[in-house]
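Two complexes, one shared chain (subunit A), two partners (subunit B, subunit C).
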Partner chain A sequence: RYVRQLQRLQLLFSPTAADARGARQFVEEAAQDFARQHPDVVLYVSPHSGPGPAPVLRAEYLNGTVREELIASKTSEEIVQLATKLANQSGLDIIRIRKPFHTDNPSVQGQWHPLTNKPSILTIQGPRLQPQ
Partner chain B sequence: RRSEKPNWDYHAEIQAFSHRVQENFALDLLKTAFVNPCYIESEEARRRQLGLDKEAVALQLQDNTALSERGLRFARAYLAQSFEGAYPELPAKGIEALVNFLTSQELVSYVAQNLSIQDLALCRDFPAPPDVLQRTFLAVIGALLESSGPERTGIFVRDFFIPQLIGKDLFEIWEVVNPMGLLVEELTKRNISAPEPRITRQLGVSTVLPVYFVGLYCDKKILAEGPGETLLAAEEEAARVALRKLYGYTENRRPWDYSKPKQGLAAEKAISSN
Partner chain C sequence: MVVLSAARWVRSRLTDRFWRVQEVLKYARHFRGRKNRCYKLAVRSVRRAFVRSTKARREKKRFLRALWITRIEAASLEHGLKYPAFISNLVKSQVELNRKVLADLAIYEPKTFKSLAALAQRRRQEGFLAALGDGKEPEGIFSRIVHHH
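== the complex of A and B ==
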């Protein structure tokens, strides 16, 4: 079954700073809908008063990775899109995937090895028949 | 510990856990499932140190040992039954080895860690030791058994434990000391004559790395063929390949059937009576 890999989202923003306007709008309008649509993600909203660090959306995944995304000067819709993008990711590191395919059964009939098509010692080679 | 960092709401986390796993739990059963006996002892010791009265010291929490025992029994019974259905030729020892592997500490604690149970489990040490995680996960299964009944719990166990067998070979899990003897027993049960080993192919006999392919023949018909470094190793490997074919656990068998179950009521009663 599908288990969503996002554990919790923490929205850290300041109620007075100018660049956190999008975050404040998100909290007022869209945060409840987002939380209702994703019941398996815990959404924490924590405003820290006064001028402080930039507004950030921190995502924690089931395998322990914590990913922080800056949301300064972003509109509410952009934050919603960002949140859904984080919710659909898994917690694996974002590195270059070496090949876009992977298979657990690399060979169906058995991998070739130098003895595959060689006749075994036990098969006796009969005399060559004359062409008729 | 995550519960001591900022932004932590236990009730919300437990609700999110039940949604993540897509199961309806009775929340109080689930909360008791996460309480371990070492946590109760450490809490009581802490309260006694703070100098509270005897009544305040005794916590009102039940621990999860009963639930975890029920969960363990149910999981073992369900897995044994599903293996008997899927691999009818596999002997009882093989099924027992598979079930033991699937309920072993490392596997269960690995699954539990990737389901965030290590954050929700209440225990004394941090990070939670694997036997605590195993007990907590089995208690969660027990709580699910009480809340939703054996069918849904069976689907849950199937969805989370059986994918751990993907890519694993039978004899990695089940240690067999004498595969040749076991093979001879199996063949006598099916009234086939004893296998006769013959060398099929050989490469590099006089070098450091020879390769011998030994085939096992019964009544001059091939049963299995296996490679090995020496003749004895090749014969043993051929016996193992033959056993894998007989038990139906080869690499090219049909993958596990994860569709909706249509098990009869008799099976349900057998599970619920455990």
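== the complex of A and C ==
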């Protein structure tokens, strides 16, 4: 069964700042619908009064990563799209994956070493090896 | 070093220009000389580094293929076969393994690779018999072709 990796979404904005207008509209119109469509994500709305840092949408995932996205001067629809994108992500870092595969046991028959295809007389060492 | 809270009169001010410069310098941190510190030199070096990395993606494919071929050649010489003979006889026996997989088998699965080398050797002998024997002997077993329709 699918377990959503997004734990909580924190909407930090100021009720008076001009660039938080999209955030305020999102809270008024679309936040309830978003919360209903994603029942396993907790949505926190925390307005801080007075001039402060820029409005931000903080996403916390099950593996502990915290991802902050600026929502200054964004419309309500854009914030909805951003929130759905964050909800569909997992918390893994967004870097280039070097290889799309990984094994803990790469070798079943034993990894090659310079003595694999040599006659086994070469692996015996010590005083027992005497010409009979 | 990041100053965010109410002490706005502190002399160290992080302007937007600082962040714009850091965006470029973060890609130059592992360079040698002044180009990992000075923005004017770093801009040119970072741009050249990006251009080279884009172009090198095509070279990487050629380089890796050459590496696999070297490894398969070394492994097949251990079993007494040369690389062109090995590859051509595998293809004739309808074993469609690419060089990447063959190189990985040669490293991690040496017994499988030995059996593949033996198969190629057997197909080579049957090819010689078919070419030199001319007719009377029966066709080789490993020279039969399976048709998938």
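What we mean here is this: the second predicted complex is superposed on the first by the 98 of 132 C-alpha atoms of A that agree within 3 Å, B and C clash if a C-alpha of one lies under 4 Å from a C-alpha of the other, contacts with A are read in each partner's own complex, and residues count from 1 in each chain.
As a convention for this text, a residue touches a chain if its C-beta (ideal position, glycine included) is under 8 Å from a C-beta of that chain, and two chains touch if they have at least 3 such contacts.
Source: prediction; values computed, not measured.
Participant: Have a look at where A:Asn63 lands relative to subunit B and subunit C in the superposition and call it first, second, both or neither.
Facilitator: first
Participant: Based on the superposed arrangement, let me know which partner A:Gln111 touches: subunit B (first), subunit C (second), both, or neither?
Facilitator: second
Participant: So, does A:Arg8 touch the first partner subunit B, the second partner subunit C, both, or neither?
Facilitator: first
Participant: Quick one: is A:Ser46 in contact with subunit B, with subunit C, with both, or with neither? Answer first, second, both or neither.
Facilitator: first
Participant: Do any residues of subunit A touch both subunit B and subunit C, and if so, which are they?
Facilitator: 108
Participant: Of all residues in subunit B, which touch subunit A in the complex?
Facilitator: Answer in residue numbers: 6-7, 9, 12-13, 15-17, 19-22, 114-116, 119, 159, 166-167, 198-203, 211, 213, 215, 251-252.
Participant: Inside the complex, what are the residues of subunit C that reach subunit A?
Facilitator: Result: residues 4, 75, 78-79, 106-112, 114 of subunit C touch subunit A.
Participant: Residue numbers of subunit A touching subunit B in their complex, please.
Facilitator: 1-4, 7-8, 10, 39-42, 44, 46, 62-63, 104-105, 108, 114-115, 118, 120-122
Participant: In their shared complex, at which residues does subunit A touch subunit C?
Facilitator: 53, 106-112, 116-117
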